[in-house]
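Following are the structures in question.
Next come two complexes, and both contain chain A; in the first it sits with chain B, in the second with chain C.
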Partner chain A sequence: MTSNWITTRAWFLMLPLLIVMIAVIGWPLVDTVRLSFTDAKLVGTEGSFVGLDNYAKILSGSNFQRTLITTFWFAVLSVAAEMVIGVLAALLLNQQFYGRSVLRALMILPWALPTVVNATLWRLIYNPEYGALNAALMQMGLIDAYRSWLGEPGTALASLIVADCWKNFPLVALIALAALQAVPRDITAASMVDGAGAWSRFRFVIMPYLAGPLMVALVLRTIEAFKVFDIIWVMTRGGPANSTRTLSILVYQEAFSFQRAGSGASLALIVTLLVTVLAVAYAALIRKSAGAS
Partner chain B sequence: MSALELVNIRKRYGNVETLKGIDLSLASGEFLVLLGSSGCGKSTLLNIIAGLAEATEGDVRIGDRSVTGVHPKNRDIAMVFQSYALYPNMSVARNIGFGLEMRHVPAAERTQAVEKTAKMLQIENLLARKPSELSGGQRQRVAIGRALVRDPQIFLFDEPLSNLDAKLRMETRTELKRLHQMLGTTIVYVTHDQIEAMTLATRIAVMRDGQIEQLATPDEIYNRPATRYVASFVGSPPMNMLDATVGDGTAHIAGSLSGVPLPSPLQDSAGRVREIIVGIRPESLALAAAGDSGLTIEAKVEVVELTGPELVVTSMIGGQRLTASLPPRSQVAVGSTQHFSFDATALHIFDKATGKRI
Partner chain C sequence: MERRSLTAAILVHLAALLLLVVILAPVVWLFVMSISSTPDLIAKPLHWWPETVDLSRYGVLLSSAVNSAGQAFVASLFNSLKVAGMATVAALIVAIPSAWAVSRTPAVGWSLYAVIATYMLPPVALAVPLYMALSWIGLLNNVFGLALVYLTILAPFTTWLMKSGFDSIPREIESAATMDGARLDQVLRLITLPLAAPVMATAALFAFLLAWDEFFYALLFTSDQRAKTLTVAIADLAGGRVSDYGLIATAGVLAALPPLVIGLFMQRALISGLTSGGVKG
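Entry: the complex of A and B
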């Protein structure tokens, strides 16, 4: 009787939130699933039921496959670079030197900037006519003519990765720095007496303390990199020649540029599924590494 | 050739000087304890010997070479830390063998050395475990094993027993003493525990404010403390320190009616100083029998505490406190006035102004 009443009251108290969640998450999700089985347009037609046609077309189409590969490279390269640079920056900022706290504060800045601002800044740096990168490379004698870094399919994706890396390595550095500060001083001292050089000390003594926190950073960053949209949209809009088109851009183009709500919805669901698989795999990895330490 | 030599070691942090010129020479096989209260500079000195901190001035010599500026790994030392500092991700066996691994000792030889050390410390059944699966005492053994396995010239111990409970601390202390006797290694050991210092050391360096107050054998530290500080730091309950003035070869203890005749060798030297401290260890006092013709001092009993093996009697002479350790069955009533007898040779006389022994 009493426990019944408590359960009823609990549901009653959660009701407002449940209503909001059903309205903004539940219903759109259900409707997206419904849409994905139709040939609906964004405006005009409601569309008719087409079964799995949308999915079949997407999965067999070269657009999707090419975009998936681009997304894969973007995520792998940018996250890998962010992890390496982030850990190196954290190791540096963990040393004793004059002006360390100023440098620590400065390092956070790129990450604190809104992505759109960061993307705009980098578009200026890469500008083919007055960009700082061209000027710098020219003055160092590394190139003999200004180049359009974002305008050439060969360099656009790499340029985007650099910009994304610049923005996001501070997060990794921050997490790694916090972990480094948790390494007991005696442990590093003991390893020095034991004869471990800088590399062995990092590899055998410090890395085990970093592994757990870095795994969390890796999961967060990979999932974010996989669904990247804003930085690319501002800098290249997926071009040139679709060389920087990632899955989220493809979803946007399909649903809004080409106004194909039906296949846009099925594409969005495929991306959601891929990210979910990633998240579940990583969660298992984190549990495993937490158990190991 | 000495195993370790410290020449005028100084350490400054900004304007603060934490070590003020330490000179020390240690023979091979000695067990030196650096004893002092926290902040006296003993751990800093140990870190300088280990190479984990740099001295501002001075030279550290291990064996026949100067190691100033030499990396800890190249000093041929091993160190046991207060926190044990075991690598949490490695098994006990790898923890012990890590130093050998870093020195590229072949795996087979390493395993053999680890097993031998583990056997000596009776932890051979723990080799596969991780440090988190060990008790405090077991961790301490692993930490000691990690130092022993390398067979270095000098072992450094930084308060290794302070995280253990009282019983385990005593057992491990005995174990350390046994290991030292068995292996004949050279040890520098930092502690603030005077019992550890007295029981383990072949020599004790009592440190205070970045200086060595006295460097001597435990026997001498206890029986002939060089300063008032050393006298009060070593011994439990601590030595009684009574303010007194000197006149006609007699020490007049403030608040006491009778004077204490000073031993003749002291009469001259103490006679030059008017203000002295008369030190007497609580265990040097006994209840005076009726008609005792020897030296006695009268005091009013305030507190009586039975610790088990002894009866600690705290009494007052005027405004000064006098503690006596008596046999447990002594009959002493609180509030009564007692005569305590002592031997003139048990007295320690210090100059009140300088604190130095007279």
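Entry: the complex of A and C
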């Protein structure tokens, strides 16, 4: 068989996937670009060409800027917390203790819990009148009056981050644990003989094994956090006073609540562009760190 | 194994206990809420364990009496099963041949990166045209339409997982069979696919869980019992007029049960899938 024939055969086998991808991803993406230059409504009018008007309005508006900042804080804080807690949990799960295998198995629970169920659960926990958080803090004497955790702009975003972090740190922990188990025993033993302290053992002996897998987890989690919609929609719908409104929520409101398909599409493309920049920057970072180690 | 002092051992056990509580407490509380009577749930100070255990909500949600809360819930349960099942099968059908082709033909390897790149796309970038197209062909609020849309998520993901699965099967086995005179379809059917069965099962489970979990497209593209999925039904309960928190919790327990069971029993396969897919790319 010639290599030419093999390549042709490969394309032939990929045909079903390519057709599906063009139909449900390629074409919609192109059409979103077209719509972003129009003032089309979601239902009814086709809209007419308006050039860059949608983009100009979005970029100069305070809604977009404020939402971008909210999204940034949500992504940075939740991902940072997930990475730190996840690595600490993995280091713990790599120690000897009774019930270790059970605890390792249970780590899958938050990850397997559907996002919407997780959001609903935390919404009930944060409930201002009957929620478990208020009851627990009150019974421990940490607060003297029930609070509306999701109802006040000051605490809503932080409460969402806690709920998101609880669901996602175990995944980071499991990935880090798999990497930790690949660290050869004799290397850590040798470093202890050489008198390395706990921190330098972590930094110079264990970290090189963790860096690669953690980097991948960091990339995937950051991109996911930047696109966040489900947990926020179920818990606060972007409120109170838009204090938890992220970019995906803003696109939803613009395109579907207000039915402005044109400017919704431009907003969606700006979000896409930001995610792409993030992904490319990370890819470069990974390649650089892979080359260094 | 390093030898530890007693203090270190105690600290490790305390930390493990803390982690156990952090992981379990919210899940256990969801279950406790689902079996607590309403007076227990609104008592102050809150009852952490119900004085009266009330299992009636499970009966309410799983009953199919006309126009009951149960009817809507059961309908959404079946819609979720249908959509996730169809989308998973369709995703595997398109992913398997392409993943094999990419794995065995380095010349087309770049196309895999194009496929993975689409996985990063935010769903909002596709939502408006997809909405208009589904409405145009009459598949809004339809399980087939939603399953089709789910391919945007499942097809790239399963292709990626299957490709790393095929990579771990030595191609020498295939060429040996070809030398012995087997045709390509025989090689794939009798040798490669049986060897890839565990990866296929992992990919199918992942795909099913992703579809079961999906909310954004389901919220946009379904509007009543004919197609609403569980996630939308639960979000409706949580954000709607229902004031029985126990009922909301019960719906959550029922929706979480299949993925939790899959997660616990398939732990090893899921984690190896996660790490191999993540590390090898």
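The definition used in the following text is that the second predicted complex is superposed on the first by the 277 of 293 C-alpha atoms of A that agree within 3 Å, B and C clash if a C-alpha of one lies under 4 Å from a C-alpha of the other, contacts with A are read in each partner's own complex, and residues count from 1 in each chain.
Note that in this section contacts are C-beta pairs under 8 Å (C-beta built on N, C-alpha and C of every residue); 3 or more make two chains touch, one makes a residue touch a chain.
Keep in mind it's a predicted model, so treat the numbers as computed, not measured.
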item: In the superposition, chain B vs chain C on chain A residues touched; value: C
item: Which superposed partner A:F204 touches (first chain B, second chain C, both, neither); value: first
item: Contacts of A:A189 with chain B and chain C, given as first, second, both or neither; value: both
item: First (chain B), second (chain C), both or neither touched by A:V24; value: second
item: Touched partner set for A:V76, first chain B, second chain C, both or neither; value: neither
item: On chain A, positions contacted by chain B and by chain C; value: 189, 192
item: Touching residues (chain side chain A, partner chain B) in the complex; value: 184, 186-187, 189-197, 200, 204-205, 208, 293
item: Sites on chain B touched by chain A in the complex; value: 50-52, 71-73, 77-79, 81-85, 87-90, 98-99, 102-103, 146
item: List of chain A residues in touch with chain C within their complex; value: 3, 6-7, 9-11, 13-14, 16-18, 20-21, 24-25, 27-29, 31-32, 35, 42-43, 89, 92-93, 95-100, 103, 105-117, 119-125, 127, 129-130, 132, 135-136, 138-139, 166, 170-171, 174-175, 178-179, 188-189, 192, 212-213, 216-217, 220, 223, 226-227, 229-230, 233-234, 237, 247-248, 251-252, 255-256, 261, 264-265, 267-269, 271-272, 275-276, 279
item: Chain C - residues contacting chain A, complex; value: 1-2, 4, 9, 12-13, 15-16, 19-20, 22-24, 26-27, 29-30, 33, 41-42, 44-46, 90, 93-95, 97-98, 100-102, 104-105, 107-108, 111, 115, 117-118, 120-133, 135, 148-149, 151-152, 155-156, 159, 209, 212-213, 215-216, 219-220, 230-231, 234-235, 237-239, 245, 248-249, 251-252, 255-256, 259-260, 262-264, 267, 270-271, 274-275, 278-279, 281
